[in-house]
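These notes open a run of structures that come right after.
Next come two complexes built around chain A: one with chain B, the other with chain C.
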Partner chain A sequence: MVLDLTMSMAVLAIMGAIATIAGCIEDLESDVGSQSNPNSQVQLAPQMGLLHRIYNKAISGEPISNGFSAVIGGLVTNVLLNAKFFPLTAIVLGAFVAALIYGIFATTAYAGRVASQTRFKQPLYMDVMRYTTPSIIGHNFIVCFCLVSISYIQYAILGYPLSIPFLALIWGISVGAIGSSVGDVHYGGEREFQNREFGCGLNTALSGRIVRKAESGLRNSLDNVWFCAKFGGPATGIALGLTVFFSSWPTTIWGYTWTAMGVGVIILAVMTVMNRLVEINVKKSYGPYKEDKNEKEAAA
Partner chain B sequence: MVVFATTTLIDILLIGLSGTLICLAVHFIPVGGAPAAMAQATGIGTGTVELAAGSGLVGLITSSYMYAYEPKAAMLLVMAAGAMGAAIMLASTMLAGGLIYAYGVAVPFASAQVKKDPITGERQDNYVSKGTQGQGIPTICFVSGVVGAALGGAGGGLIYFVLMQYYTPLIAGSAAAVAGVFTMGVFYVNSVIPSYGVGGTIEGVHDPKFRRVVPKDVFTSVIVSMLCGVVAILIAGGMV
Partner chain C sequence: MSDIKEISPENLAAFGIIGGLLGIYLSPLFPPYTSIFGALGAICAVIWGAEAVRRVAKYGLGTGVPSIGQIAMGMGIIAAMFGLAIMKSVTKDPRAIYAGPVLALVTASIIGFVIGWFAQNVIKMKIPVMVRCMTEIAASGALIIIGYSAAVAGNYDFMGSLILKVFDNGVILAVFWVGAMAMLHPFNACLGPDEKQKRLLYLAASTGAITMAVMGIAAIMTLGPMGVVTLVIGVILWLIFYKKFWDEVYKDAASVVGTGLIPKTEA
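Showing the complex of A and B:
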């Protein structure tokens, strides 16, 4: 379907907004369930004699588990659309089925992982499983709903040549890759190790020594998602929103031309400059940690 | 029936070339793996396959749309569309990730592989904190990552273009689906090959590991991607 410029921009803006929500919630889902790279520390802690009450699922890498979940949502939606269901109903039901299956995987992954740590005396807390799993399912439902909605818009309104399940799979993989690269750093680098010295990286000697006490009582995964929702989640949402918006914006305005590609290069240059500005700012705030040899000699 | 004409051989060669581009691209991306997620190493805090496939597949979406609406689009333009989509995905990821490193974890960006950043000329070793292999995404890593993602996206766009040219006369209705799935497969194959070479982490083009492993990985990728190309042509035998 070919839309005029105003409608194209409106659709693109909606897609960007939906993607921002999807990115944010995906990261929070990976924090509440403890998945991807930071989970290596949750897994390591009992081996260091530090037992904890953190959920430990890690079904697989985030891109694969989210891709798998989104493709199920996309498939069910596609079937229901073929059965003449109203699109919104079809997407909601598709996301619901996908989230339930994801919940089953989360439960088995948690039980399996903790069972493998019997020799380190890590208990399987049934209350943790009972109140954290519904939260994982709830988060995943929102992610699937958003990703399948984007795929539906791309397929049915914008006329992309790829099918809804395939588009959902690609966006699931991408949202997982972004969540794993952006938001997980806030969970792994900051929340798990609030006991490290502020203003420097995590010393390897601290590996596995995660913080186990919460603001009140013992820390659990819901405490973690509360913290990560302040920065890690929104930053991930912004990254996916920017990706969805800026990967289509140049071609929407300038058509399929080399001019659009040139605009893409300008966007990339602006992002590089922004990263450099952050680098300069943060270097002024923290470090240097070692004195320059030449400066040391000059001072002597 | 599959006929191995000269054009077919060129198609196989082009798929081999695009697979090699993807494999090469992975080496440019600053992959920090699990240590980077804990601010213990420089780069993006996830694995090679996740990043390369994640960014490349966004490139696949942009290039497929370009191909669908500009049937006369030149091969280079489809590749450029793929490159742009993938590079924007990775740049957005690195920018947002950098914000977390800077204002969430509070670490200065520093490379542990070079004394000075080749682009900005700024000292790096002084900013590597104790017990780590660098932190964050310095400018050289950012630029290297953008270039890598663009190469990967261009490679994905090229495979899609070649396969669409080949499959469309045979199965016009579902050519995009088959070409898309096959492109995704080639992406994963060529993202896994460098994982063995780089051993999970690489900072980018300035990392000494880059020069050490690229020739071997690229050689492996050429062979494997050509094999993928042969399979892509063989499966077309069942489409008539």
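Showing the complex of A and C:
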């Protein structure tokens, strides 16, 4: 399909918006089950004698698990489109099947990991399993719906010469990689170690010593989503949305020309400078890494 | 660990190779009804592969488990395509197609051996089982790819049906990624000091069965109603092994409680 400039910009804007939602929800989904980088601390806690009521969703790394759910969503959507379903119905059903399978893998990961920690006496809480898994499925449904929608737009409207499962897989890997590198730090660094000084860094003495108590009662995984929804999730969403927008914007305006390439290089340069400024600013504000008292004792 | 009786790697390898090849060779017998054997063979290979991943990843590869699954499929898919496609160009004999899966298995083993040798002797990872496990992982990866592809296409004829029914419509991506997940997830999910082989094998069968169900959905597009049969049998197998996995969890876990506070510990 050939689109004029206004329509192309509209399609790009929609894709950017959907990607923003997908990125945001993906990060929150990984926080519900403590996947990826915060997971190692949840896994370590019982070894340090700190039992907890936090979900341990070790399906695999985020890029792989999100690629997994997205490729299933894309595949089912493809099958349904082939059977002449309406696109929206097909995408919804595809995302639903993918989210259900993702939920199954989440339950086996939690049960399996806890059963492998018998010697530390970590109990398997079935209520945690019951109220957290539906939340994981729900979040993953939204992510998968967004990713398969983007793939469908690329396939049907923009005419990419690739199949929907292929595009969905690439998007799944991207959203997982961005969620893992942008948003997880917020959960792993600031939520699990909320009782430490901001920006103190995680030294070895603190390994596994995560916060297990909430404002009231014991902390559960849903509390973590509530916290991460304030910053980590939206930051991830903006990261993915901007990635989609800035990677397609030059070619939408100038076509596949050297001008577009030049604009891309300028965007990259500006981003690099901005990142460096933020880094310098952060280092100035929070100073050099201060040694912990425990660590000094341990060194001595 | 030694006091628990485990199935030996040799027996599991035999189970994976024989089961996998048998399933693949049975798949084109009465098309499309026998396509389901491809998926059943692939489940055997998944169980073998998951055990091989377990043995190599036990050396503290924690975060490397997913990477091992991915490299397995990467090696497997190259070998599978090479093995299935090469015979067509070597000889015009139509019977040559039967050599495809075995050739793929051998190619995968060679690729796995070379990569394992490099990891061991060039990168110096110092994992004693590295070479052997890499060979096993690659070989099972090739069988998984061919098995699930045969379940979707109805046979393992590369030019005749795999390209059309599995590669062109993107199903191969699902075979690749979901198959890798079926193989790497069991160890990743059971990782810990009290990990047990039996629980892991049940989980491997369960993830393999889910993959079979997904391939059943894909087969509805390529083979019609036969896909529904693959889907239903996949779901039934999944239910059986998922239940068995949970039985093991109930047996192995320190305690399974409906709800409750954190028990008191010394720390």
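The working rule: the second predicted complex is superposed on the first by the 286 of 300 C-alpha atoms of A that agree within 3 Å, B and C clash if a C-alpha of one lies under 4 Å from a C-alpha of the other, contacts with A are read in each partner's own complex, and residues count from 1 in each chain.
Going forward, a residue touches a chain if its C-beta (ideal position, glycine included) is under 8 Å from a C-beta of that chain, and two chains touch if they have at least 3 such contacts.
Quick caveat, the model's predicted, so the values are computed rather than measured.
Trainee: Could you say whether A:G49 touches chain B, chain C, both of them, or neither, answering first, second, both or neither?
Mentor: A:G49: touches chain C, not chain B.
Trainee: Considering only touches as defined above, state whether A:F166 meets chain B (first), chain C (second), both or neither.
Mentor: both
Trainee: If you stack the two complexes on chain A, which partner ends up touching A:G61: first (chain B), second (chain C), both, or neither?
Mentor: In the superposition, A:G61 touches chain B and chain C alike.
Trainee: Is A:D127 contacted by the first partner chain B, the second partner chain C, both or neither?
Mentor: Once the two structures are laid over each other on A, A:D127 reaches chain C alone.
Trainee: Touch check for A:V76: first (chain B), second (chain C), both, or neither?
Mentor: In the superposition, A:V76 touches chain C alone.
Trainee: Is chain A touched at more residues by chain B or by chain C?
Mentor: B
Trainee: Looking at A:G138 after the superposition, I want to know if it touches chain B, chain C, both of them or none. Which is it: first, second, both, neither?
Mentor: Neither: A:G138 stays clear of chain B and chain C.
Trainee: Return first, second, both or neither, reflecting whether A:G189 touches chain B, chain C, both chains, or no partner chain.
Mentor: The first partner, chain B, only.
Trainee: Please work out whether A:A205 is in contact with chain B alone, chain C alone, both, or neither, and reply first, second, both or neither.
Mentor: first
Trainee: Thinking of the overlay built on chain A, is A:E279 touched by chain B (first), by chain C (second), by both, or by neither?
Mentor: Once the two structures are laid over each other on A, A:E279 reaches chain B alone.
Trainee: Overlap the chain B and chain C contact sets on chain A and report the shared residues.
Mentor: Overlap of chain B and chain C footprints on chain A: residues 40, 61, 162-163, 166.
Trainee: Across the complex, what residues on chain B touch chain A?
Mentor: Touch residues, chain B against chain A: 33-34, 36-40, 44-47, 49-51, 53-55, 57-58, 60-62, 64-70, 73, 77, 80-81, 84-85, 87-89, 91-110, 120, 122-123, 125-132, 134-139, 142-143, 146, 176-177, 180-181, 184.
Trainee: Considering the complex alone, what residue numbers of chain A touch chain B?
Mentor: 36-38, 40-41, 61-63, 154, 158-163, 166-167, 170, 173-174, 176-178, 180-186, 188-190, 192-193, 198-207, 231-232, 235-236, 238-240, 242-243, 246-248, 250-251, 256-258, 260-261, 264-265, 267-268, 271-272, 274-276, 278-279, 281-283, 285-292
Trainee: Considering the complex alone, what residue numbers of chain A touch chain C?
Mentor: 40, 43, 48-53, 58-61, 64-65, 67-68, 71-72, 74-76, 78-79, 82-83, 97, 101, 104-105, 108-109, 111-127, 162-166, 169, 212, 218
Trainee: Which residues, counting only chain C, touch chain A once they are in their complex?
Mentor: 62-63, 65-66, 69-70, 168-171, 173-174, 177-178, 180-181, 184-186, 188-196, 199, 203, 206-207, 210, 214, 217-218, 220-221, 242, 245-246, 248-249, 252-263, 265-267
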